[in-house]
Structure formats: C-alpha cells, structure tokens
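Submitted below is the structure of interest, expressed as structure tokens.
Chain IDs A, B, C, D and E follow the sequence of writing; residue 1 opens each chain.
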Amino acid sequence: MRSALISGLFALAVFGPITGLVLDGYDFKAHPTRPFILATLVLAGSFVFNIIRGLGPQLSVGMTKRPQLKLSRPQQRSLLAGLLGLAIVLPFIGQSWITSLNFALIYVLLGLGLNIVVGLAGLLDLGFVAFYAVGAYGYALGNHYLGLGFWGAIPFAAVTAGIMGAILGFPVLRMHGDYLAIVTLGFGEIIHLVLVNWVDFTGGPSGMEAPPPTLFGMEFNAWSMTGAPLFHEVLGIEFDPSYGKSFIYFSLLAFVIGACYFCIRLKASPWGRAWEALKEDEIACRSLGINHVTVKLSAFSLGAMIGGVAGVFFAGIQELVNPDSFTFFESAIILAIVVLGGMGSIPGVILAAITLRMLPEVLRDFQEYRILIFGVLMVAMMIWRPSGLVKTKRKSYAKLEV
Amino acid sequence: MDDILKVDSLGVSFGGIRALDQVSFEVAKGSVTAIIGPNGAGKTTVFNCLTGFYKASDGRIQFQDKNRTHSIEIILGQPFTLQDFVNPISFGRKLFYKMFGGSHQVAALGISRTFQNIRLFKDMTAIENLLVAQHRSLNKNILANLFNTRSFRDSEAQAIKKAKEWLAIVGLTADADRLAGELPYGHQRRLEIARAMCTDAKLICLDEPAAGLNHNETKDLSNLISRLRTNHNVTVCVIEHDMSLVMEVSDHIIVLDHGNVIARGTPTEIRNNPVVLKAYLGEE
Amino acid sequence: MDQGVLTIDHINASYGPIQALHGVSLTIKEGEIVSLIGSNGAGKSTLLMSIFGNPRAQGGKVRLFGEDITSLPTHQIAKKGIALVPEGRHIFPKMTVEENLKMGTIVNQGKYEAEGLAHVYETFPRLKERKDQRAGTLSGGEQQMLAIGRALMSRPKILLLDEPSLGLAPIIVKDIFRILKEISATGTTIFLVEQNASQALKIAHRGYVLVNGKVKLKGNSADLLNDPQVKEAYLG
Amino acid sequence: ESKTIKIAVAGPHTGPYAAFGEQMLKGAEKAAQNINKAGGVLGKTLEIVKVDDECKPMGAVNAANEIVSKYKANAVVGHFCSASTIPASKTYMSHNVIMVTPASTNPKVTERKLPNVLRMCGRDDQQGQVAARFISQDLKAKTVAIVHDKTTYGRGLADAMKESLSKVAPMVKEALFEGITRGDKDFNTLVTKIKAKQADVVYFGGLHSEAGPLLKQMRQQGLKAHFVSGDGIVSNDFVTAAGGSQFVDGVYVTFGRDPLKYDTTKNVVASFKQDGYKPEGYTLYAYASVEAIVAAMQSTKSTKGVALANWLKTNGSNTIMGPKKWDKLGDLTKSDYVIYRWDDKGNYNEI
Amino acid sequence: MDLYTIGQQLINGLVLGSTYGLIAVGYTMVYGIIGMINFAHGEIYMISAYLTAICLAVLTWMGITWIPITILLVLFGTIIFTSIYGFVIERVAYKPLRGSSRLTPLISAIGMSLILQNYVMVSQGARNQAVPTLIEGAITIGSEQHYLRITYVQLGMIVVSFLAMALLTFIIGKTSLGRACRATQQDMMMARLLGINTDNIISSVFVIGSIMAAIAGLLITFNYGSFDFYIGFKAGVKAFTAAVLGGIGSLPGAMLGGIILGMSEGLFSGFVNSDYKDVFAFSLLVVFLIFRPSGLLGRPEVEKV
C-alpha cells in the first residue's frame, strides 16, 4: 500500500512538468489534469501489482515454473512442416500483410546474420546495419554502374559484404566488449555518412533506384519501362501488384530457409564450437592452439554475408535505397532481435524478428503512440524474459554413435 | 635422455618487479618435472612464458620436437633490428610472426597447459570442451560442412571418438553431456587436463592441479599423471604446493624463489635441501 | 542447548532446480573454532554463502547473535560483525592491494583502518611489498593472502573461511593455521571450511562432516580425527 | 463498397518532422469538413485517414501499402519529405490511386513521369531560380556561401540555387558549398570559415531547426552577411529557434505567395482561428490538394487515379489558393515564389 | 588563413568539445560503475533540456526576471526533476535485469530511450523548441576586423565542465562512496558481502549521472537555444564515443575524449569540409583505438593468466 503510494508520488514528479506544462514558443500551456491521470494510473497499477505479489507463494510458484515445451523428434518434424505450410499459404490469405511479412523475413535474415556475430561468437556489433547497407547499395550501384541484375547482385553483394566484414574485423581483433561495440558503431556511422555525403556516386540523401527482382527476365510491373516481358502478359492473366510481392515473398522464404539451414549446420561445426569457446574464454582458446584471428574474422564475414543478402532483397522491395534506412536505430533493432531471441537460438531469432518487425505494424492504429508502446513492450519483454524467448538446446554429442 | 625443453636465463619484469631473473633449466623428454616454490616466486610466470602468454624480456626457450628446434621467443614475434632490413628472409620471418604469431602458435607446436584458476568453457558441455581442443585438426571447410560430405562426417566422428576416449581416461564418461561449469571442482580439474591432452600435446604444463582436492582425490590425480606419461607419451611439467603429490610423481624438481632457481634435483635431494626447507617448507 | 553465536536450523538451499543443502543444522558458540569438512560438491561453500542469503536459506532459520537473519539482505547481514573469506577469493582486481584491504573496513566506516593495515602487513609481509600493485595481477597465493587479510580488517566477531589454505605454500599454510588460533584466542569465533581436513580438525574445537548436502557426522574434533569413517574418507 | 470516399494524409506524424505532418493533416481535415458540410463528394462523405511514414523511405512504402490495401483509400494527399514521396508514389501508381503532394518540392517527384502524381507546390529549381535572381540582382552579392542540411530537400534546394546562380550571375563567387548534419546545433566552425572567406550572403537549404542556431551563431560571431533561405524555415518556430526576434531581423526567404493573404482564404483562416489553430506552412496547401482531388472526382465521376490526374492536368482546378494549372509532368505551370523579409518583431512580409 | 581564424576555430572546437565532455562525464560515470552502456543517458539530457525551458517559462510567467536568480532557480528545478527521472528509470528498466547477461540491459536501455523520446514527443509535441537568449555578451579580443570571440555562456560551459569533472573525480577516487562504487562495479556479490548496499549505490550513481546530464542540459540549452526531442540520441552517441575515446570509466578521460572529439570535428569542418566531419571523427576513433585499445586514459585490462 505504502509502496504504491510512493510510486504514485514519484509518477507525479516524473510526469508533472513534462506532461503538465507544454512549451509553446517561449511560453507554456498548462494541462494540469494530465499528470494526475497518469499518476493515478501508476498508483492503481502498482497497487494491483502489490496485491498480486502479496497473494502468496502459491501464485508465484505457478508463475516461476514456466511450462517447458519438450517435443519429440517426429513432433518437431510435424511442427516444422506445419509452420512451413503456414508460411506458404500465408500470402494467399493475408494479401494486405505481405509487404510487412517481406520486411519481417528480411529482418529474420539480418537477425540470423548478426546472430552469428553476437549470439554465437559473442562479438558485440552495434554497426551491423553497415553490411545491410553494403548489400542494398551493392545492388543499387551495381545495377546503375554495371548493369547487374537482382539475382546476379546476390552473390556480388554477399561477397562484398563478406570482405567488408573481414576488413572491419581486422582492426578490432584486439578490442574487447564495449570498445568493440563503439568501433562497430563508428563503422556503421561511417558507412552511413559516406552514403549521405558522396552524392556523385551514391546519389546522396535522395538515394538510388533499384529495379525489383525478375523471374526468368519477366517483370512484375503493370507496364514495362525497359521493354522486358511482363509476367502477367506472358501468362495471359490480369495484372495484380500482389504477384510481384508474392514472388519476392517466396524467394525470400527460400533464402531464409537456406540461411537457417546454414546457421544450424554452422552452429554444430568446428567453427560454431570455436566461436562459442572464444566467446567464453579467449585465453583458454589460445592455449588450445585456436587462432582467434581467423575465428573472429570468419564470424564477422559470414554474418556480414547474410546481412548483405538481406540488403539486396531490401533494395529489391523498396526499389529505392536511401541512407535513412541504414541508421543506428536499425542496428539496435537487429541487436534487440538477437538478444530477445535468446542469443544464439535460431528459432528464437525467427520468433523475435517477426515479433519486433510486425509489432510496429500491428500498433499502427495507435498512431503517434506507436513507437512509445513499442519501447514499453521492448523493456517489458526484456524484464519478462531476460535471457530471451527461446533457450538454446545443446546438441548431445555423447549420444552420437561413432 | 633428450631434453624436450631448454630454458636459458629467462627474465621477466612487471614494472619495477623482477618476477623472473636468470632462470635456466631443462626438461627431459618423457619425464615429470615439478616446479615448486613459495607464493609469488614466479612459477606461474614461467609457465606463461613457456606457453607464450607472456613475452620474456630476455632469455631463450627452446622446444625440441622430432629433431627440430623451435624458439618460443621467435614465434611470439621479435622487434625488428637494423640487420633485418638488409636480410629479407629474416625480415619476412619476423614480419610473419609479428602478424600471425602468438600463443596459439606455441600451442600448435605441442605445448599445452592448464590454468591455476580453472578456465574451462563453462557453458559448454564436457565433451564439447574436448572437441574445441581438437579444432586445429578438424575439417573446417564450410562448404564441406554445409553439404555434410563424407570427409566432414569422418572428421567429426573421429573427433568425438577421441573425446570419448579421453573422458574415459579421466573418468568422466558419465558427465559427458553436462555443462563444464556445473561439475564439481575435482572433475573440472580432470576435465581441463583431458582438454589439454586433446590438442595432441607433447609437453603438458599443469598449474596446481591438486588445489582444492582432498586427500583421496589427490591420490587419483597422481595416478592420472603417471598414466599420462607412461601410456600417452607426454612430458609433464607440474606446479604444485601439495608435497605429497610432488614427491610421488616427479622425477625432477626445480625450486624457485623470488624469480631465481634456488635448487634442483631429485625428490630425495630436494626433501633434504636445507635452503628449500627454510624458504618453502618451513621446517627447521 | 545454549544459544550459539551462529545457529543454523534445518535450512535448505538450491541453485534453480538443483538442491544443494538438505535440512542442515549446526551451532557455533562464542570463541569456538568449528571446522566443516566434506568432499567436493558436498555443499560446504553453499552453506557459508547461504548464511549471507546467497542463495537464500529456505525452510529453516539462520540466527546470528540470537537475531533471525534468514531474510535480511546480504549487505545488512554483513554489518552485523560477520566476515567471510569466500571461495574463489573475490578480490577487487582493478584496485590496489591497499585499497582492497581498506574495503574490508567499509562496514564500520573505516574504523580500525590503520591498525588493521599494520596487522595485516605484519602477518603477510608480501602484501606490504605489493601494496600499490593492482590486485588482479597478484599471484594466486598472494591473492589468497589478500582475501584473508581483507576479512580480518573489519575485526569481525565471527569469521567464516572457505578453504583459506587453497593455493598457499606449505610454509604459509602453517602460518594461517597459527594465526587462526591467535585470533580465536582474542575471542573471535571461527567457522572454517577446509579440504585439508587433518590440519583443520587439529586446530578446531569441534567439527561437522557434510555429505551430499546433509550433516553426516558431528562432534569434538579429537573424536572426529579418530573416527574410522572420517579417516578413510578425508584423512587418507 | 465503402460508404465514404477516403483520402489518406500520408506524412510524418511521428518523429522529428511531425510538426509538418500536423500542418498537412489540419488542412486536409478542414477541407473535408467544409466539403462534407457542402454535401460531400459523389454522394458520399469524405473521410480523412492519417498514415504515418516517419519521413523514411521504408516507412513510406509501408504506409503506402497500408493506404492501398488496408484503408483502400481513393486518393492520397502527401507525402511531405521528397525522400518518402518518391518511393511511395510507385505503389500508388500500381494501384491506380492519385497522389497530390502539397510539399515535396524535389524535381524527381514528378520527373519519374508517373501518371498519377501531381504537386500543389513549386519545385526546388523554381525556388532556387527566384533566390538566385534576388541574391545577385537585389542583394548584389559578390561572394555567396551555400549551406544545406544534406537531406533530399535541403540539398536539392541548394543545388538548384547554385545552378541558377551560375547561370544568372556567373561572376558571383562561391565561398563554399557544404552540408551540415540534421540535428546538429553547433555551427560555429562553419560560421568562422564563412567569415574568413568574407561571404556577403549565406544561402541555406534546410529547415528552421538548423537555420535558427546557424543564424544565431553567425550574429553572435559578428558575421553580418545576409541570410537567405527557402520555404523550409517559414514557421514561427524559426524565430524561437534563433533565440529571439532580434536575430531574425533582415532574413530573406523564398516562399509561395502567402496563402493567408489570398482573399479566398479568409473564411477558412478565420474558422481555423476559431479552433485555436494558426494555419501555418503547408496547412492550406493540403487544403487545396483535397479541393483539387474532390473537383476532379466530381467532374469525372470516378476515383481512378490516372483519370483524375489527367483531368486535372487538362482542366486545372480552382482552389482556395486560386486557380491552379498543371503541366504534363504534374508540376504547377505557374510558380508563385516570392521573397519575404523578416523584421525585428519576428514577422515576415512579402517584398 | 590568418591567425585569428585559427584561434577562433580552436575556441569553437573547445566549446563543442566541452558539450560532449559534459554529457560524457555523466555517461562514463554510469558506464564505469555498472558496466552497462546506458543509451538512455542521452535521453535524460534531452529531458533536462525540456525541463530547463519549462522552468524558465514558468519563472517568466511568475514574473521572476532577475537573471542570476532565474538561472539558479532553473538549475535547481532541472536538477531535481532530472534526477528523479534518473532514479525512476534505473528502478523500472534496469534493476529487474540485474544479474542477467550484459546485453539485456543494453536492449532495455534502447527501449527506454525510445520510450523517453516518444513520451516527450507525444506530450510536448514534435516541434522544435527553444529558449530565449538570456545572457548575450561576449569577450572579444582583437581589432574591429580581426578578433577572437567567446560568449559568456560558452566560457561558463567550459569552466563548469572542468569543475564538474574534477568534483566527480574526487568523489570517485577519494570518498568512501567512490570506493563503494568501484567495488560494486568490479564484484557486486563481494561488495554486498562487505556490507555495501549495492542497490543504493547504483541508484546514487544514476542520480549523480542525471545531475550531470541536468547541468549539461541547462548549459547547452542556454548556449544553443534550440532543441527537440531528438537531440538526446545524437548527444548520446557522441558522448559514448568521447567516453570510449578517453577510456571507459575514467572521468578525466571522458572530458579529454570529449574535447578531442569536439576539437577534431571542429577543426576538420573548419579547415577541410563539414560534410565529412563526423566521418573524420569516427575514423579517428577507430584508428586511435587500434593503437590504444583501451582509450586515452583507460588502463589496459590486464588479465592475469
């Protein structure tokens, strides 16, 4: 009771000036009721919270013991098949969601990429967006200057991003923890700023156009600006903008599944184990003859490659790349995906990417409160599940027959 | 008998503290050599130099393996001298080690170690700890892994087999899938030894392996050390304060005090050495 | 049974799903040295830490000087005249040796700081030589000395030690046991956890044997030293 | 079949540019209110939906998709930032929805030749031309420093001005052409540099949040050069951002003829005032955009985007801001940019 | 380029640097004690800018216009409310995460910073806000044509930032509060075992950090006049950079890092090109950290093997 009152008072002090007195030029307008309403809400909330907590151990026991989802092999298989089936029929059910889904899938890719760097190798990278940008601009610039097509751009961007990853990786080898964080953040900012400033090459703040992907050379447009054959004309059906989006969706889905497989294989490979070991104890690794340079660089490069591919898709969907899409905020969201997913867990990354990317879309009805609520949910999720949504399960090597 | 390791007038300073001064000794191939001495004498520092974690300020460490002699100080990278700029070969070699050298290269030679404060990968299982130790000899081709080729599968199977063998040797088969950090202290000590052995070590350095073990566990440990030597062909260096263990397993003892070698010899010689008694054992 | 300085009454303690202590009870009387022995993983360290509420003792009660401290926060327990040399030393690596020692007196606002320093430096001359070195760079044994020294700084009425001899040279180990007896003679109560069972029991008045989180045996140390079971399992 | 005709107001309703989103929304809402009072359109009432694009390309594409798929809006008034108008316009085209932007002045918006796109404002090159002529002919500048905020808008404007200037007055020297970063507040080094280069005019392409501090720091360092800028700073916030009206005295801006001054706007402005809102910046542009769209719908009896756009391009439309005509690209045929001058009371007047 | 221009550019760099330093000091304080990148620190600074303007507006409305009193009262009000913010944020968003992985509070901080930004935007509106120019004069050295100039507010900023740094350095290094802070950072469990109430220590660190943010917010707002709800992010990143450049956890380092960052940015934009000034600053940071991986005044992490 008393603690509820105290939190109410604190709420009043916190909300008082900012919500109660609104600046207007050099003057202000008073909204005296707003802080009181908010403080009352907080008071009531903390009162209810205290009651729930006071209800005794029987309730809290039920809350601390989380239901554990343990699935047998065939159950896992059927769950996977079910999810895949759902993913395939999804665009036919919810046309209006498909663009959001495409972005969600891009974030799954980004999450998987960063997961290698942060989740598996434990290298705190706050500038992952740089590789995303390299991929996206790789396509846009490659298309503009070299006439590269979408499908050709994917390997091109992946390799470029991988090399960039190694270039970034090299100087930061000696750095640990937060120093690494700031250097990667700086690297991300540098890339962003170069994209903004080098107008002659990158188009500067207005960005650069990138054509959408084609299927065997067929475009998905209502009419062709380049003279290429059109999908709906070739098939003799009526034009619908959703064809193009569905096509991107399925291509992306294929890439996401491929990336998942890649990550799962990597995780249980010598590299995956070395990353994890290096994350825990670099000195012990060196005493075992593991070259921390190659191990770290491989993590940076492989992560960057996946990020690069995601960038190409982003450019293909947007049909325009622009430096604004590659800011620190983006890096932060990708990092949040990895952490919320449970650091290293692949299903976790997928779940978190879809949650975090779809959330703002779902919250669109809240208008300007959208990002505010998004932030609240982000904090709440971290408090609710500090170690992530999905806990990684270890592979049992001892049970393997050899 | 050949010497696998020759340490010649090693010196290390930390700021104003001279941690090692003119330390010289040899380790015979296939022997168990113990390094003892009071706290802060410089024992761990010697190990750190041998395994490449510290760069000695002077002196030489030579590791003999199959008729080849490797100098640890060269592997760790040396400063360039004027002469290097006229001699491209030595310049190239120095540059190579400057860029790629380091303690991991020393480990690759076949010197491995355990740590005074256990440094297992605590959030990995016991068997994974042993697999990581074999990293160097595994098939690391990412494409081979992706397509799960024959050679990749073989390499993994081989590694798991070896890991299981070592778990059996140190008596941890039952704990294979448990997290290393959860294991009781004594088990962790043994796991760390197994991990060091999985690197195909020729010389293994154990830093206070019996610390925190009770009497019976110490007995098991000394058994294990003897077996390492006889069955697995490694040379053992061990730092230990537990005299019963030292006297039982070692062929040769080196006593350090204040960064100097104050005595060396067989266990019986050391036991009766008045200097050692006074400085270390505290018996009159 | 008369009131002890520290009484532990049927406590359980667990790390998540793993229960490490099962209904442990023991009593320590004023001025006593009591030893606790047991093999690896028996729960000795857990017992010491649960006196400080970490992990928190459950089911039973912990009383210090007659006061129930079972649910007090750790830092308040520490203010009641009890000090601990924890397992793993836990020195502050980036502080100098002297700063580490001074941290020991933070409970009583720096009282006895000068005398304490003088006393610790006298006991461990090595620490005096290294007083401005960063504690993290000390050798293993030096760190152990520092951890013991820090606990002595606050002049606790009751001192808990978790394997104080770990990593120390034989000559220092002897010193440690001697010092413990000296401190005990000045009226400090001592609760000692040791792997070096024979030495520990030799200086102790009484002893407890912990097996798998339960008290298996207790009694005068002389009796325990002669107990065949104890001999077989812990003295060798 | 929906009972209302929906017009989406797409723009920054959150984020640092949200003030402009509000201007557009207020204007469009007022227009809808008045049109509904007068009987609606095609027998239905007009409904305004507000969609946020955060002024980001990605946000814009999401917003556009939401507008066409979720709200199934029949027309779009927006977006604000050229950087989001450009990518979004294509989505509207493939759904055959008309888009009228009241504020995106970047030439690229219409030069992509999308048949559904019109604008209710001028183009940066028109604005730049007016500014260049004023700087060279009226201010008789010898050395000009050009500063922009590196955004599509700010840089576009600065580029346009620079280009016109080199055409109309090639002898004017360019002291520097540099970008500042949006959100920065410290421009002292730039000011010192301008001072050292002895520029007599500073031209700024950007928004008031940077223009204010830049101007203040110029005056504090004692740099007396003229300050000339574009429509992005036309807001009372510019005066407060500059630290008081004493600093804005003598600042020149190019802006469309003040819509508040048109006779046609009097009633609307009064009704805004009744709501306690002062129509600023793009408010009336958004109002006029809604009017034009509705006029086209009434005449063509259709909501098909290309049809509406074509009708407007051939017939023009009468709006609150006077009669408007569009060329083939969808740009206004007549640019109405004029020069305003700020006085020491913090008011601006056409000169 | 004449000497006056060069001198003026140095002053400009110093002024900019001291704004970074002011925020970085509070940043590094929190950062050094609980080892967490508090991305919300920039937002606390942003809140304090709003509070400054609100306090000023309220005082003007009440008719208090004598400048010294106004400034003192504004400072007082801003500090009080900002530190309540700091306290509450720690209790709500970070305390429940104690003991979990290092990255969890980082994400929570990012969430918190979104909350604060949007909370201010929703309640205060998205437009740019400003305060009137209270103190005008400046010190000018030189002739009519060529002179060096520094305004009184700028001078105040430089002086206060050095004073604040010195004071905090003293608190951390010499007082028992400082020692308790360092103990908490290095080994929280052990600090508790020695009788330190670590929760209170962490709260007080947040409060001190917020007070610093409040002072920074006030001075910077008075200097530049204009602000919006978005300034915190940029300031946060720059302060973070400055703190790292100077060596994490070192207060003089944060100040020095801020000055170096500001100077290099200022001089680069003053003499080369302002387009690339941030690129230059970040590249400088990267290159610098390659050669000194633990910052200017940060002591290298020696880990004894």
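Just so it is clear, a residue touches a chain if its C-beta (ideal position, glycine included) is under 8 Å from a C-beta of that chain, and two chains touch if they have at least 3 such contacts.
Since the structure is predicted, the reported quantities are computational estimates derived from the model, not experimental observations.
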item	value
Subunit C reached from subunit A - shortest hop count over touching chains	2
Shared interface partners, meaning chains that touch subunit C and subunit D	E
Most distant chain from subunit B by Cα centroid	D
Furthest chain, CA centroid comparison against subunit A	C
Leading chain pair when contacts are tallied as C-beta pairs	A-E
Between subunit E and subunit C, distance of the C-alpha-averaged centres to the nearest whole Å	44
Whole-Å gap between the CA centroids of subunit A and subunit D	34
Subunit A and subunit E: spacing of chain centres that average the CA atoms, whole Å	29
Subunit D: positions in contact with at least two other chains	14, 18, 150, 179, 240
Multi-partner residues of subunit B (at least 2 other chains)	44, 53, 115
Residues of subunit A engaged with two or more neighbouring chains	25-26, 197, 283, 368, 371
Those chain pairs that satisfy the touch definition	A-B, A-D, A-E, B-C, B-E, C-E, D-E
Residues on subunit B engaged by subunit C in the complex (per definition of touch)	14, 17, 37-40, 44, 116-117, 182, 184-187, 208, 211-217, 219, 241, 243, 279-282
Subunit D partner contacts - residues on subunit E that touch it in the complex	1-2, 5, 8-9, 12-13, 15-16, 19, 118, 121, 125-133, 138, 140, 147, 149, 151, 220, 224-231, 233-234, 266-267, 269-271, 273-275, 278
In the complex with subunit C, residue positions of subunit E that touch it	176, 179-180, 182-183, 186-187, 189-190, 192-198, 299, 302-304
Subunit E-facing residues of subunit C, complex	52, 54, 73-76, 78-79, 84, 86, 90-95, 99, 102-104, 106-107, 109-110, 134, 136-138, 150, 154
Subunit B residues touching subunit A - in the complex, by the definition given at the top	51-53, 100, 102-105, 107-108, 112-113, 115, 119-125, 127-129, 131-133, 135-136, 138-140, 142, 145-146, 148, 157-158, 160-161, 163-164, 176-177, 195-196, 199
